[in-house]
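A, B, C and D are the chain letters, set down in written order, and residue numbers restart from 1 in every chain.
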Amino acid sequence: MQFLSDNVAAVHPAVWDAMRAADDAQPPYDGDAMSQGLDARFTELFGREAAVLWVATGTAANCLALATLCPPHGGVVCHREAHIEVDEGGAPGFYLHGAKLLLAEGEGAKLTPAAVRAVVDPIRDDVHQVQPHALSVTQASEYGRAYRPAELVALGETARARGLGFHVDGARFANAAAFLGCSPAEAAGPCDALSFGFVKNGGLTAEAIVFFRPDLADVARYRRKRAGHLQSKGRFLAAQIAAMLDGDIWLANARHANAAAAEIGQACGERLMHPVEANELFVRLTGAERETLRGQGFGFYDWGSDAARFVTAWNTREADAKALAQAIAGL
Amino acid sequence: MQFLSDNVAAVHPAVWDAMRAADDAQPPYDGDAMSQGLDARFTELFGREAAVLWVATGTAANCLALATLCPPHGGVVCHREAHIEVDEGGAPGFYLHGAKLLLAEGEGAKLTPAAVRAVVDPIRDDVHQVQPHALSVTQASEYGRAYRPAELVALGETARARGLGFHVDGARFANAAAFLGCSPAEAAGPCDALSFGFVKNGGLTAEAIVFFRPDLADVARYRRKRAGHLQSKGRFLAAQIAAMLDGDIWLANARHANAAAAEIGQACGERLMHPVEANELFVRLTGAERETLRGQGFGFYDWGSDAARFVTAWNTREADAKALAQAIAGL
Amino acid sequence: MQFLSDNVAAVHPAVWDAMRAADDAQPPYDGDAMSQGLDARFTELFGREAAVLWVATGTAANCLALATLCPPHGGVVCHREAHIEVDEGGAPGFYLHGAKLLLAEGEGAKLTPAAVRAVVDPIRDDVHQVQPHALSVTQASEYGRAYRPAELVALGETARARGLGFHVDGARFANAAAFLGCSPAEAAGPCDALSFGFVKNGGLTAEAIVFFRPDLADVARYRRKRAGHLQSKGRFLAAQIAAMLDGDIWLANARHANAAAAEIGQACGERLMHPVEANELFVRLTGAERETLRGQGFGFYDWGSDAARFVTAWNTREADAKALAQAIAGL
Amino acid sequence: MQFLSDNVAAVHPAVWDAMRAADDAQPPYDGDAMSQGLDARFTELFGREAAVLWVATGTAANCLALATLCPPHGGVVCHREAHIEVDEGGAPGFYLHGAKLLLAEGEGAKLTPAAVRAVVDPIRDDVHQVQPHALSVTQASEYGRAYRPAELVALGETARARGLGFHVDGARFANAAAFLGCSPAEAAGPCDALSFGFVKNGGLTAEAIVFFRPDLADVARYRRKRAGHLQSKGRFLAAQIAAMLDGDIWLANARHANAAAAEIGQACGERLMHPVEANELFVRLTGAERETLRGQGFGFYDWGSDAARFVTAWNTREADAKALAQAIAGL
C-alpha cells in the first residue's frame, strides 16, 4: 500500500502497447511519424497552435522551456518552494547558463500577481541587479493546489505587463486539469510554454514541452540536442505521449488518482495542511501516528517532523485508498 | 532492407521482457535494486572496480563523463571527426561549460600517441592557450575501426604522461569488443571512463557511463541530475542494461551485426574506404550505383558525393545482408 | 560635500606617482617585476604564504575566487544581502557556471556559524539539492560591520567542518582592519581567498585576489585570462597595489575614512541603524530631513524611504565630515 | 630597442593628462559625463549611430561583442589563426556559454566570402551540428594585413545573406585605418560590432566596444557588469578613449607605428612572410641571424624556428626603427 510518490508508478498498459507497436524502425530522433504528429495532437487539445518536443524528464522539460524565455543574464520569478528551486539539483542554473531564480512567496506554493510584483517591483532597472525575464508557476502546485483559470489569466497579464515570458511546470498538469474540470487550455492559462507531465501519470520516459510560440520550439530543438536529450529512438517517447492522449487516458488516470486522494483527504479533516485538489496530501501526523500507519503497511514520506506526505497515482487501488482513509480516521 | 543506421533498430525481446518485469514500483531514480546492482555487474565484467550511471543517450554519456575529466577552462583532445566534435550539436561546450575540443588527425578516425602529441606539444603552457586536460577516443571509431588493446594501452600512457584524463566513447563498444575477441577490459583500455552504448545494440533508452574511478562517478551523479538525466523510473533503464549483460546478449548482438557487415564488406572489395571491423561500411559508389541499389530496395545514407554508408544492426536479417552483398557485387 | 560612495573617490597621489613610474615597457600581462613581486608582498603582510592576482574590479575578484572554491553544480553560502547576491548583476552565476548562492540571515549583514548551519544543515545530501561547497562573508559587511578575529575563526571552523571553502569579500577590508586594529591576518581570518579591495580606498583600477592556497591561484590564473581580466599592461595594476602597501597607505587611508565616519556617527545617536565600525553610515532620516541636508549641499543616497546612507572616503575633508555631523545633530 | 609588442608600450601623455583631469569624483560606473558622451563621439567618427561601452581588455571587448551576436548553442566563423581562437585562453567559450568557433582558412589570417562559405555551406541545417550565427574578422589581421573596404563590404554581404552577425576585432584597428587612408567607417565595414583597440596604441586600460546596433549594446551592458568589467571609476577609461580621439591622436599614433614598420619592412625584402600593412612584421631569419640581432640590442619574439616577429608602436623611436632596418639589411 504505497503512497510514496506517483513518480515510480507502474506504466499504463496502453503505453506499453503503443511502445511495442512502435518497435519497427522509423527515421531516427524525432523524424518518425508519431513525433512529427505531436504538434497537431496538442494543437487540437489546446485549441492553440502548439509546437511540441518530447524529453525524458520534467527537469529537462522545465529547463529547456525556461532557457527559451530567459537569457543567461536574466532571472526567472518562481515560488520559493518551486520544484525548479528546491528539487532539480541546480538544473536551471545549468540550462540557463547562470540565470537566477527570483523567489516569491505564496500560500500553497502558488503565486499571485501581487506576489510576483513584490519580487519584481523592487528590482532596480540597472545592470547591478538581475532583471526578471520570465515567470514560472507549477500546475498543480508543489502542495497539490490548482490554479483556477482566472488566476492564470491574471498571472499572464502580470507577466505580459512586465515583459516576462510565462512558463507552467505541469509535472502534474493532468491532475490539475482533472480537478478543475475545465479545458486543457484554461488549465494551462495564457502561458508561452507548458511542461506537460506524463511520467507520473502512467508514462515511462516521456514528458512533453508544449510551446505555444513556435519560435521558442525552434530554439529548444537545438538546445535539446545540445543537452543530450534528443533520443535516437524517439518514436518510443512519442508513442507514449500519443497513447496517453488517445481516449483521454491522461485525464482518466488523473481523475482516478485525484479521487483516491480526495477519499483519503475526507478522512483527514483538520489534519490537512492544504486543501486536497490534486493527488497529493500533506497531513499532520505525529511520529507515533506515522509509526502506527507504517505498522499497518502504508508507505509514505515524512514531511518535516510533524506531518506526512501521501501521493496517489493512476494505479492506486481503491481498496488501498479506503484502507488508508480508515486508518487515518482511526488514529 | 534498411542499412541506414543501427540507431533506430528494434528493441531486443529480452530488453522488452526485462522492462515489463520491472514494472512494479521500486524506489525512485536510481534507488532501485537493479540500478544499485550495476556497479557490481560492470566490476565483474571489466575486472576493475567500476561505478556506473545510466543515461538516455550517448551524447549525455560522453559529455557527463568528459565533464568529470576536464574543467571549464580546459580542453579535450579528440579526433577531428569524432562524434563529440561533429555530431552532438555542441553538447561538449554545454556540459563542459565552454571547454574546448582540441582536434587531432588520424586515419580511420583513430588517434595515435603521435597524433595526440602533435596537438598537445605545441600548446604553450601559458594562460593564453587552452590547456589539454583529457583525451577522448571512440571505440569503434566513427569509421568503424577498432583500437587494438595495445593501441589503447599506448594512448593511456600518453594520456597519463601528459596528465590527461582518458575517456572512451563506446557508442559501438560492443561491436569493437566482438571484433577484437578480447576481454571487455582490453577493449576499453586503461581509460578512466567509458560510454558503453546499448541503444544501437538492441536497447531502448539506456546507455551506461562506466567510471573506473569512483570519485568521478560521485561528481557525475550530481551533474546527471543537474542535466535532467536522472529519470524517476530509472529501474527501466537499469533493467535494459542488465538484460543486455545477461548471457552476454550485448556481445551476441554485436557479433551478429558485425558478421552481416563482414559479409557485405567481402563483396565490396576495392570499393571499401575503410577496413570493415565493426558494423559500419563506407563504400565508394557513384550516384548511379546508389540509385540502382535504392531501386532494389536498399536504404542507406549517402557519404559525400561518391560514397555511401551502410550500417548493420543486431537484427539485420541475414537474407538482407546477403542480398546487399550480391547487389553490390553485381554493380 | 559628497558622501555618495567611496567607489568614485579620487586616486591617491602615491598611486598616480607609482603608475607614472611604471610607464617604461616591461614584460606584458603579469610578467613585470611588480606583478611578480606581489606574492612576496602579501606573504609578508599576512604572515602566511599568499599567491596574488590583480584584477580591475571587486566583482571579478570575488567571482574568480569563488570559482576556485565551488564547482558548477555546487552552492556558496552567503548573506541574503551580500554584494555577490544583490549587486553584482548575477556575476557569480556567470563565473561559477550556474552554481547557486545559498542565502543565510544575520544581523548587520554578518553571518555566524549558527546562521551558516541553518542553511547547510537542512540540505539533504542527495543529488536533487544543490550541495554547499563554499562560504563567503564580507569584511567589512555590507552594513559597515567588522567581523572580529574570533568570529572569523569560528566561521572558518564551521566551514572546515562542513568541507566548505572560505572566501572573504574585502571590498572594504582596509576599513575593517583599521577599525579592528589587529593584524591583517587576524582581520582576514582563516580564509582560503580574500578579495582585497583597493579601488574604494584610493586606487584606480586594481584589486587583489589573495589566495592562501597556491593551488587555487594556479587555477584562477587561467580563469582570469578566460574572463578577459588579464590586462596586457598589468604593471600599472601591480604598481597601484604596491604603492598602497608602501608605508601602509592602505591603512592610513582607511583610518582617515573611518574617523570621518565615526565623527558623523557620534552626531547621529539614535538615528543609527547599525553601529559605525567602518566608513559607512545608515541613518534614519525622514524625507524632509534628507531634503534639508541636501539643501545644505550634502550628497548621499536614500536608503529606503526613511533612511540615508553616507559613505566617507580616504579623501573626505575633515571640514565636510564636521559639517555633516553638525547638520545632522541640528535636525 | 624593443620590438616585442605594442601591448606593453608606454602610455601617451595626452592619456595621462586626461586621466589626471578626470580625478574629481563623478557618478560611478559609466554614469560620468565622459562615458555618457562616448556614443556621440563614435557616432560622429563613424557617421553611423553607435553605442559604445568601454572595457579593460581586447579579450573582453571581443567576447562581450560576440556574446550579443551568437547564442550559446551557435557558432562563430573566424580564421583558424584568429586571436579569439588561439590567444584568448578559451574566453569565447566562457562568454558565449559554450558556443563554438568554426574555423576558416585564408591567406594572411584574412577571410574571404569564399572562405566563409567553405565553412558554412557544409553544415547541415539540423540540430546535430552547430549552426553559424556570427562572423568575426580581425582588422588588421593577426599577420598585420588590412582588409580593404570592398573586402569588408563583400564579407558583410556574405554574413547578411547567411544571417550571421558581423564582428570586427580591431585590436589594431587604428593601424589598419591609418594604412588604408579611408574613413573609419570604411575601415570597419558594415559590421554590427567593432572592438576598437586603444591599449596597444597609447592607451592604458581602455578599449571600446562600438555597437552599430543599439539593441546589442543594451544587452552588452548587462553582460559587462556580469563579467566584472564595469569599473566603478569608469570615468578614467572614458577619459583615455576621449583623449585618443581628440585631435585624432589614435590615427597619428598608428601612422607613426606603421611608418616605422614600413621602414623596417623595406629592409627585409624577400625575408617578409607577409606584406607589411600595419605595425607587425613577420620576417624569415635563421637562428644565427636572430642571435646577431639580439646581440645588437634588438628585442623581439621568435616566430617558429625560422622567423621572427617585430612589432612597432606609437612610441617607437625613429632611430631604433632605422637601426633595425639597417641591421636586417646588413645580415
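What to note about this one:
The working rule: a residue touches a chain if its C-beta (ideal position, glycine included) is under 8 Å from a C-beta of that chain, and two chains touch if they have at least 3 such contacts.
Treat the numbers as computed from the prediction; the structure is a model and nothing was measured.
Common neighbours of chain C and chain D, listed by label, are A, B. It takes 180 degrees of rotation, in steps of 5, to superpose the Cα atoms of chain B onto those of chain C. Each chain gets one centre point, the mean of its Cα atoms, and the points for chain B and chain C are 50 Å apart.
If each chain is reduced to the centroid of its CA atoms, chain B and chain D end up 42 Å from each other.
Inter-chain centre distance (chain A to chain B, centres taken as mean C-alpha positions): 34 Å.
Chain C has residues 72-73, 88-90, 93-94, 97, 127-128, 222, 225-226, 230 in contact with two or more other chains. The part of chain C that touches chain B in the complex is made up of residues 29, 71-73, 97, 127-128, 131, 219, 221-226, 230.
The touching residues of chain D, counted against chain B in their complex, run 72-73, 75, 86-90, 92-94, 96-100, 127-130.
Those residues of chain B whose C-beta lies close enough to touch chain A in the complex are 2, 4-5, 7-11, 16, 20, 23-28, 55-61, 63-64, 88-91, 93-95, 199-200, 204-205, 222, 225-233, 235-236.
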